[in-house]
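Pasting in a structure now, in structure tokens, and then I'll have a few things to ask.
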Amino acid sequence: MDALELARANLLSPMVLAFALGLAATLLKSDLKLPDALYDALSVYLLLAIGLKGGAELSVTPLRALLGPALATLALGVGIPLWCYAILRRLGRFGVADAAALAAHYGSVSAVTFIACLGFLDKAGVAYEGFMPALVALLEAPAIVVALGLARLAVPREGGWGEVLHELLTGKSIVLLAGGLLIGWVSGKPGVAAVAPLFVDLFKGALVLFLLEMGLITARRFRDLARVGPFLLAFAVVLPVLHGLLGVVLGRVAGLSLGGATVLAVLAASSSYIAAPAAVRIALPEANPSLYLTASLAVTFPFNLALGLPLYYQLARAVYGG
Amino acid sequence: MDALELARANLLSPMVLAFALGLAATLLKSDLKLPDALYDALSVYLLLAIGLKGGAELSVTPLRALLGPALATLALGVGIPLWCYAILRRLGRFGVADAAALAAHYGSVSAVTFIACLGFLDKAGVAYEGFMPALVALLEAPAIVVALGLARLAVPREGGWGEVLHELLTGKSIVLLAGGLLIGWVSGKPGVAAVAPLFVDLFKGALVLFLLEMGLITARRFRDLARVGPFLLAFAVVLPVLHGLLGVVLGRVAGLSLGGATVLAVLAASSSYIAAPAAVRIALPEANPSLYLTASLAVTFPFNLALGLPLYYQLARAVYGG
Amino acid sequence: MDALELARANLLSPMVLAFALGLAATLLKSDLKLPDALYDALSVYLLLAIGLKGGAELSVTPLRALLGPALATLALGVGIPLWCYAILRRLGRFGVADAAALAAHYGSVSAVTFIACLGFLDKAGVAYEGFMPALVALLEAPAIVVALGLARLAVPREGGWGEVLHELLTGKSIVLLAGGLLIGWVSGKPGVAAVAPLFVDLFKGALVLFLLEMGLITARRFRDLARVGPFLLAFAVVLPVLHGLLGVVLGRVAGLSLGGATVLAVLAASSSYIAAPAAVRIALPEANPSLYLTASLAVTFPFNLALGLPLYYQLARAVYGG
Amino acid sequence: MRTVPLKRVTIIAEAVLEERLLDDLRELGARGYTITEARGEATRGVRASEWEGKSVKIETLVSPEVAERLLERLAARYFEHYAVVGYLETVEVVRGSRFA
Amino acid sequence: MRTVPLKRVTIIAEAVLEERLLDDLRELGARGYTITEARGEATRGVRASEWEGKSVKIETLVSPEVAERLLERLAARYFEHYAVVGYLETVEVVRGSRFA
Amino acid sequence: MRTVPLKRVTIIAEAVLEERLLDDLRELGARGYTITEARGEATRGVRASEWEGKSVKIETLVSPEVAERLLERLAARYFEHYAVVGYLETVEVVRGSRFA
């Protein structure tokens, strides 16, 4: 399929359309809402499912194959918040807290964008390394630590790192991802096969329901778009594209396949909307949530979902000469 | 299978038995209850699922095939509340508000009865037009508008139609059904195939759980049966049968298959228990909820589920000379 | 597979590992929690699912095949609380209320341990009688009645048996199990086949999610382990093993297969953590919940899950000379 | 700690009224509100058993004048046909001047 | 707006007691009640940490006499063995004569 | 029925603060608390609309001194950056001496 064809197929997939339905329902002031418990249950399910599948793959992968990609991932996790912070401070004239908060979000990762990327690649028939979920778990925390560190360098504050680090490393998404990876790795492919009807077969359908809810939530953020300002709007689209390109290049350097490099690009380009907001709200309460939540959830997430996925894949094809 | 055989098979299906289990649990004062969130999640799932399947069918159906059935459906949606209102006022001596409220319920449609009908036909091996879910979406609102209009003609009241119409057209069930139809239609059969393990394969099992909860709810209404009076009890059984017959005849005129006409009969015969109660409670607060809820939920719904489905199918066979 | 191999395979199954993940998450003070509604929904699902499957089996089983096993089960339900009570009073020096409360728990049954046992046997390729779920329903209540009776003999109290018996017999787990059995039995194998994608195929995956939550709950009980004392700790491990052995022997006498005897052993060895606590809290409020909950949930349940299952199977093999 | 005495108005109503009641609050000058999901029954009344559905409990801290207007609105618009309960208390609010 | 002073009795109890407490309310003359799901802890007590389960918060608007009887019932039946908290306040109820 | 007058302190806060507020309660001498899930808005304020998430409502029965310390803690630690509301009332508690 050529580039336009892929972009079209992505936009017309049930997953992107369900997200659009959620947006439309909120914008039309429909009373549609999904129970909170369904949203929570689906996010537990999705995280555990990608952990399990990734773990089963890990069990048949030589661990050293992971080394290069892991280092590339860590480099992204440390680098992205550094330049984001600098750009937001210098060019965007944001205060310390807001700049650091945004840096934490864009350096960390959105699991649901990652999951959508797997769906996209599966549909396009592109193979990728099975261990990619391990990289998600690896990329979640470092950027947040780096960004909070930058804020503390600029404005020293009392209170230790203990609580923040503990909350990051034992946060729900890392525990489920890492736990799922371990379970999948230890019980291996036959173990995961026994639970595949739930954790593999239903995966795409569950993603459709989840994205419907994400659409409902995202649209509620739209009313804050005006407050975000043109600089941050541009930032929330341009930086992900640059990060995507960087992800592709690093992926190639680290020896990933074309599909794997596309996934790494998506990890780099995506911005957190669960782990980072929670950590930042506690550790940087003076940062303005309407800036970071709106940029991450109402701009970058829909952009990546609708346009980013095929774009990063095209970038990867260009870089890989495919 | 002959008529009795079909009726028996319907009564002994897991779906009807699960409903009976729910009834029994409440009547025995068991502490069994399903979490509210499960009920809400299942109803989102069921509506979206029938939308998706119907939409995928629409994508391979010439749209003009829909025209006749759609007109027949609209005719039912306008006609049923008119004669229901007249009967309830003249013969039943109900007040304006109660008569209009009941007319709204019987003219609108019960999605779960529709879903149960599909299960019944699948099991009986009877084919039906794939676009029937579109008719459910079409039939939900008109009767409610007509009935509220009748009430306003009889007793003019202040306040515009705006809010009521908005709530009807953006109500959860229409948004999910119409949204599902659109998603299914746009992404087509291959798109829906990707999510079929969730939205198709699990459908009947989910219906069993949903009907268990419906049984629990319905039995709680039984205590109000006495308040409903003999006239309304008879109305709640006789009118559905007449509507069923009318649905079969209109279905035949509109060119539906035998299975499709059975479905249209069920749409006509079923009475709303979600959209209509919510709209009526807001727009006609002086109507007595124990009348319309009890008639619709505690009489007509169980009647249709247990006896109506095979009966309407027999009517269709008679009319189609099958 | 030899004994050690089986024990290892059990410990490394996704189901036991998920339980361990739940334990670890709580002990690491992670914020991971599953929504209450998910836990409730999963327990409804699991109980109904085993009921349906058991019922479908019953529909092709001559009912008299059930007689021997049912009598063996009832004997366990009456005997276990008697000697548990005596041991706890005489040797353990527990008060009347605490001894009776514990006797009720160990005489009754844990449905989730039973379910885990089926998973274990399926994986080990061992066949068992399909009607075993009926025995679970049979074993739940009698021991609780016997134990409460012992407490009343020792310390007469006012208030009739009515409320207690009613709550026991209409409790959620009995209604779902017995209801599922009936539905499965009446609608037979073809009826259950229609809902198998939900109630059969997803079963093991659902069990993994459920055990994750059980791990979270169990670990919260660990802090009370100190209060339980060495006697009760030993009791909570030794008695289950003895009951397991007894279950095997009675199973053999009652004519069960090797697999069936293993299941009966697990029923005997498991202790209740839903029906018994609720009944005891109402009927014996002066009993200390931290004793019975901790022993049953934080000691016996993990012991059975991790070590008991392969152990009871080995006992059965020894007794059956297999 | 300096506190300001304010009225806490509590409204318990069938869930279907939530949006309208919040509109009333905003219109009549309440500066905020807190909602909890509730269920309830009027054990001898007729209404609550008829319209079975969830209830919401809406609490708002307001000045005595706004409280008065809210209760009047309840009486005027809802008492006749809906299952609604309303009551008020005086509470001591920290940073209370924000709300009055 | 005319209001009637009534007692609001709040009972916080382990969920397993809900049915019994509602029976008590009806028996002792309460005309209605509102329930919200709660969770809680008695941070230094022993009870609440032992019986882990959900709590319910039951609120009822009653006359002073009924309030008195309710509190007596709580003390007589529940305080010894169960995790139960009860307290009362005076509130101003619209249409309050319904409840007393 | 003998009751003891105590302060009931109510704190409504974004859910992310729950653990910290409970730590404060324990540290400052509250003997128990009850939590209900809530949602809310400060209709004219800025904060609550920005940080969208669930709220919790924490209630605790305490002596007047502990109440005072709690309100001071709220003002010192949370009011600047977080969406927090706090208020207190006097209530009559059965077996109230347990809590003070």
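Note that the chains are named A, B, C, D, E and F in the order they appear, and that numbering of residues resets to 1 at the start of each chain.
In this section, contacts are C-beta pairs under 8 Å (C-beta built on N, C-alpha and C of every residue); 3 or more make two chains touch, one makes a residue touch a chain.
Just so it is clear, the model here is predicted, and its values are computed rather than measured.
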item: Contacts common to subunit B and subunit C (chain labels); value: A
item: Distance between chain centroids, defined by C-alpha means - subunit D, subunit F (Å); value: 20
item: Whole-Å separation of chain centres (CA-atom averages), subunit A against subunit E; value: 47
item: Distance from subunit D to subunit A - Cα centre to Cα centre, in angstrom; value: 41
item: Subunit F, residues touching no fewer than two other chains; value: 36-37, 89
item: Per-residue overlap in subunit A, given as positions that touch at least 2 other chains; value: 35-37, 197, 202
item: Chain-chain contacts as defined at top; value: A-B, A-C, A-F, B-C, B-D, C-E, D-E, D-F, E-F
item: Of all residues in subunit D, those that touch subunit B in their complex; value: 14, 16, 49-52, 54, 80-82
item: Touching residues (chain side subunit E, partner subunit F) in the complex; value: 10, 12, 36-45, 48, 55, 57, 68, 71-72, 74-75, 79, 85-89
item: For the subunit D and subunit F complex, residues of the former touching the latter; value: 1, 3, 6, 8, 25-26, 30-37, 61, 89-96, 98
item: Footprint of subunit F on subunit A - complex, ascending; value: 36, 220-221, 224, 278, 281-282, 285-286, 288-290, 293
item: Partner subunit C, residues of subunit B touching it in the complex; value: 12-14, 17-18, 21, 24-25, 28-38, 123, 197, 201-202, 204-206, 208-209, 212
